[in-house]
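Both of the next two complexes hold chain A, though its partner changes from chain B to chain C.
Take a look at the complex of A and B:
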């Protein structure tokens, strides 16, 4: 039932090793794909000699872009609807130029993966190396190597919103600060990499695709387009997924390529991304530089806020490419604050690096990092408490929805009480006392706070040019009283088989174990929108609620007319049997059966400007307040989290255990992002982090327990739900940075970057003049 | 490359004789030849731990060992310990404490936890975390996993 801590239905198979992930779908005759990738960051491809590879026993096909052209493959495009985005099309393989290390150049289909990889090594590429550019500011400078000479620039997209009054307010503000903040590049890294299996069915003329993808219906559309097929002749199934986190949200070349390889060879083929492919060539995220100008008054109230965003988008060959997160960043600059006049100048810059794209949080962590660093800087400047500075800037309690300057319709409850709850639950005053004691002992303890208002359940139209805001659900009650639910979303570990069953069970008044939820299969519903953007509880939850409620009402009508032997009302199963089997006894205007398909939208999003120029990208908003205490070891630069509390308001909670799990996991990812993880390149564009030894994610001893406090302000959308999946990964980098900055303040170290890894902090601490006490170090 | 050898293994208590290429890893063999897909290829570089199985009772990364090295050895995979209808107490505990989300790391995590408690039946939280440090989880933040292991050990959180 809604609100209960129901154990997850999927866990019996997943804990016992019986989950079926992408690589667990062997079929007779299955062939295996290996993809040859560019080892140069920038090169002209003069020729590709595949003769040696083709001759290797066990090889079925070796395919280049020329072969794909001949087979009728069509190019992909970014499909960005925004004015001013430069045109860009790309093949499923690089045609005559490679623009990042890892870009796919040729594919081998062979009897085994080992043979495919052997053959890959026999392919000879004749290439001419070109100068590469990695840094976005270098890429913008005159004379920089151009990724696309036809553009005449590497500036893929620029968007500005600088209200004329912004300059006036900044000019007259009592205080003005300017600083640069940096968000470094990371990777989402689902533990199961990408994978695709495609099999043509000659009997029906359809192509059956398994894909580890968060949006199976949209992937069906894109595969049909690139392979020249009708949409109904492609079926996409996303099986059990070993994580997604946005990394599996885009529709990649490899997914479409594998489909084409099945069509070309006429047999089932499978491609499984290996870890190095994942780290260098799937999708990276977050890299942005923010030049902030803020004007404020004596009380710490922000009067004007300008952020010039430079986003490195890599080689932007990604469907709804890397500018998507950056557009969300500039739309989320204020978050849950009223910053007076807000403006931005966004530049999205192409470089010879892996495409930038989605990762849980999608542009919002960068916006939140800047707003929180800014408020902390104001607090330090004015000698105010950071909690007080936030109170002065939080949205007032009314009206709701609060309509921002850009048109976002923020529907969160009053924010002050959440902040009060944070202060109490965290023990803010006590921690300040402990901090004073620690400082007196020469220890570097700091406290960070964050107040996050996050848009959830967004429309994808704004970044994909289609794919509106809705979700589909088909609910049926079978003659034996069992309930089936099919949805167009796709769980990657979020537990939708349980939470959406809870929603249906709540409506029907039956046990959760009587409801079976299936997702991620395009054969079950005409269309669906998948799982991303903290949307599934709101959108699929709402759709299931609607469909189940309509069925429940029908069952009540049928029951009212039923004759039963005893005086007892008919049971749930008896009504179901009546509806399907005793149809002659149904009320005259009642259709037989119990099945209902609903396509549901809350209807709040406006992805194109209305008559006031307003846009609203999110169906509903959620509020999350976070505080952490950390201690920094000045000798090693190591950050230890001493305590962490998150006050969570995601509206009506379907399953508090699952909500807590989302927060714990997002916290670990956010902590990993700032303390452990970084995708690095050398100046020539060679990736330096291509294994899990170089790209380190948190292990069990590294992640402290987050204390989660759940509060409920129901939203006005169906069920009162709000999205929750991204909150803690958005809040955590900002709040840890705030705490580290507070800890290091006595040393005069300023924190202006998300790079809080021990080696960076150690360097900054030494640069600030701190000299370790060698004798103390030796005595450890 | 087509040269093959015969290897005798004992897998989950049953003898198996398999003709294979010397370069096939134990992970390849349990997954592709024996259909035991509870061991997962997370990195194939020995870093993530998702492929963990027991070889003669020792926790082993099956991606880093060739099957030919396991001649006459006893291989135990997650499938030996339970099934959806008959979960091992550790699997039950993972479910009870929300110790998994996507589940990709889970079979190896469960296996590691079972083997750990056999060696250290009464661990502290810190010891549990150290024991699991070689198994990466990207979803849970580890809190539920640690709780599950402590629960099975009968140690109060």
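Take a look at the complex of A and C:
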């Protein structure tokens, strides 16, 4: 039932080795793919000699872009519907130019992956190295090497919104601050990497694809397009997934390439990304620089806020590309605050690095990092408490929806009480006392706070023309009274088999164990939008609720006409039997059977300007308030989280345990992002973090518990749900940065970057003139 | 990430293994496989033949008066948990427990760690700090290599292609011995960014009369730091002034990355502090 801490039903399978992931779908005759990738960041490919590789026993095919052209493969494009985005098309393999290390150049199909890798070593590439550009500011400078000479620039996209009054308000504001904030590059790193398996069916001319992908229907569309097939000829199944986090939201070259390889060789083929491929070529995220100008008054109220965003989008050959998250960043600058006049100047810059794309949070962590650093800076400047500065700037309690300057329709409940709850649950006053005591002892304890209002269940029309804001669900009650639910979303581990079953069970008044949820199969529903953007509870939850409610009403009508032997009303199963088998007894205008397919939209979004020029990208909003206390070791730079509390309002909670899990997981990733992880390149564009020895993710001992306090303000969408999947990954980098900045304030260290890794802090602390105390350190 | 093709032979004794190595220039010994296999998976190592030495009888720990002899195939986990090691080579015991995770430690061997010669690995650092030796055998017989002569660079040793490490020799700790391995890494269980292995012996008056120390993370081999820490000799306790002096000297005199030199200085100070404390405990227990 909705609201219960129902244990996750998929866990019996997933935690006992019985999950079936991409690699667990062997079929007879399966061949294996290895992809040869560029080792140069920028090079002209003059020729590719595959003769040695082709001759190796066990090799079935060696394929280059020329072969794909011959086989009829079509190019991919970014599908960005926005005005001003430069046109860009690319093949499934690099044709004559490689633009980042890791870009696919040739594919080998062989009897085993080992043979395929042996053959890969025999491919000879004749290439001419070109100068590479890694830093977006260098890429914008005159004379920089150009990725696409036909553009005449590396500026892939620019979008500005600078209301004329912005300058006036800044000019007259009592206080103005200007600073640069940096978000470093990270990778989402699902435990199970990307993978795809494609099998042609010669009898029907169709292609059966397994893909570890968050959006199987959209992938079907893209595969059909690039392979020159009808959409109905392709079936995509996303099996159990070991995480996705947006990294598997894109429709990649490799997925379409593997499908083409199946068509070319006429056999089932499988490609499984290895970890190095994952780290160097499978979508990076977050890298942005924000130049902030803020004007405020002496109460700490922000009067004007301008953020110039420079987003490194890498080589932007990605369906919707790094522009997507950057656009979300500039749309989310204010978050849950009223900053008076807001403006931005966004530049998306192409560089010779891995394409930037989606990662859980999708542009919002950068916006939130900047708003929270800005408010903290104001608090320090004016000697105010950071909680008070947030209170001054939070959206007022009414009206709802609160319509922002741009047209976002923010429907959260009053925010003040959430902040009050945070102060109480965290023990804010007590932590400030403990902090004073610690400081008196020379210890560096700091407190960080964040107030997040997040848009959830978005339409992504603006970032990819084909992302509609709806979801499909097919619900049926079988003759034995069991309920089946099929949805167009795709669980990557979030527990949808449980939560969506709870929604259906709640409507039908049956036990959750009667309901079976399936997802990720394009054969089940005509179309669906998949799982991303904190959308599944709102969109699939709403669709299931609608379909189940319609069925429930039908069952009530049938039951009303049923004769039972006893005086008891008919049971759930008896009504199901009646509907399927005793069709002659049904009311005259009632169709037989119990099945209902619904395509549901809450209908709140408007991705193109309406008559007021307003756009609203999110079906509903959620509010999350976070506080952490940390201690920084000035000798080593280690950050230890002493306490962390998140007050969560995601509307009606389907399963509090699952919500806690989402928050805990996002906390781990957010903490990892700022304390441990960083994708690094050298100046020539060679990746320096291509294994998990160098790309260090947090491990169990590194992640403390996040205390979650749940409050419920139902939304107006079906079920009263709001999205929750991204809240803590958005809030955590900002709140940790705030706490670290607070901790290091006595040393005069300023925090203007998400790089809070021990080695960076250690250097910053030394640079501020701190001399380590060996004696104190020795006895710790 | 599949290794290049290779053959495999599991040997029953050392001479068989030596013969297999001598017969193939591309052959390589495999023990726990915890360093070699990842390198093979990335095709950074491409042995043509793997000579498995897990069954050749090279595990075992024997104490011979003032020397402890450890078979090359002894697992890190055993070093970590064996009560004899805890008594006679506490520095080795502590260091072994800092290697990776339990799953790594139950496979990885001391011989493999020393021959792999990772510049931030714990056991090579202990070998240098303790002034140990390895006993190696080839078709030509056996020879003994001192720690400082074994490591020549990043993943490089003076071992010949057809030589197998049979034993590792370390001095037995005295009654007033004290030691510590202090390291720093961003995450628990990681390879250290920097680390210091240190052991002291004290006389009946509590004065430090011998000291061995080595640091990892600064150079391509473990660095012998006993001379830099000479100030500890003759001291009876780890005073704050002594600790501060150690850190200062090391920070100033160590070549290489200043951040790491800084860390090594701090870790050395901590190691000295702990070594004295442990020596005090050991002396008290012996009394």
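By our rule, the second predicted complex is superposed on the first by the 776 of 780 C-alpha atoms of A that agree within 3 Å, B and C clash if a C-alpha of one lies under 4 Å from a C-alpha of the other, contacts with A are read in each partner's own complex, and residues count from 1 in each chain.
Everything that follows uses one rule, which is that a contact is a pair of C-beta atoms (placed from the backbone, for glycine too) under 8 Å apart; a residue touches a chain by one contact, two chains touch by 3 or more.
If you're wondering where the values come from, they're calculated on a predicted model, not measured in any experiment.
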item	value
Clash-or-fit label for the pair chain B, chain C on chain A	fit
Chain B versus chain C as contact partner of A:636, first or second or both or neither	second
Spatial angle chain C-chain A-chain B, Cα centroids [nearest 10 degrees]	40
Partner chain in contact with A:117 - chain B first, chain C second, else both or neither	second
Which superposed partner A:381 touches (first chain B, second chain C, both, neither)	neither
Partner chain(s) touched by A:699 [first = chain B, second = chain C, both, neither]	both
Which of chain B and chain C A:772 touches, first, second, both or neither	second
Contacts of A:275 with chain B and chain C, given as first, second, both or neither	both
Partner chain(s) touched by A:758 [first = chain B, second = chain C, both, neither]	second
Touched partner set for A:553, first chain B, second chain C, both or neither	neither
Which of chain B and chain C A:683 touches, first, second, both or neither	neither
Winner by number of chain A residues touched, once chain B and chain C are compared	B
After fitting on chain A: smallest Cα gap, chain B-chain C, Å	5
Chain B and chain C contact sites that coincide on chain A, given as residue numbers	114, 118, 274-276, 691, 693, 698-699, 701
In the complex with chain A, residue positions of chain C that touch it	1-5, 42-43, 184, 186-191, 193, 238, 240-241, 243-244, 246-248, 259, 262-263, 265-266, 269-270, 272-274
Residues of chain A that touch chain B when the two form their complex	7-8, 10-21, 23-24, 26, 57, 114-115, 118, 189-192, 240-243, 245, 272, 274-276, 492-495, 657-658, 660-661, 664-669, 691-693, 697-701, 703, 705-706
Sites on chain B touched by chain A in the complex	1-2, 21, 23-24, 31-32, 35-45, 47-48, 50, 77-79, 81-85, 87-88, 91, 94-96, 98, 100-107, 110, 126, 128-130, 132-146
Sites on chain A touched by chain C in the complex	112-114, 117-118, 121, 274-276, 635-636, 638, 675-676, 691, 693, 696, 698-699, 701-702, 757-759, 762-763, 766, 772-775, 777-780
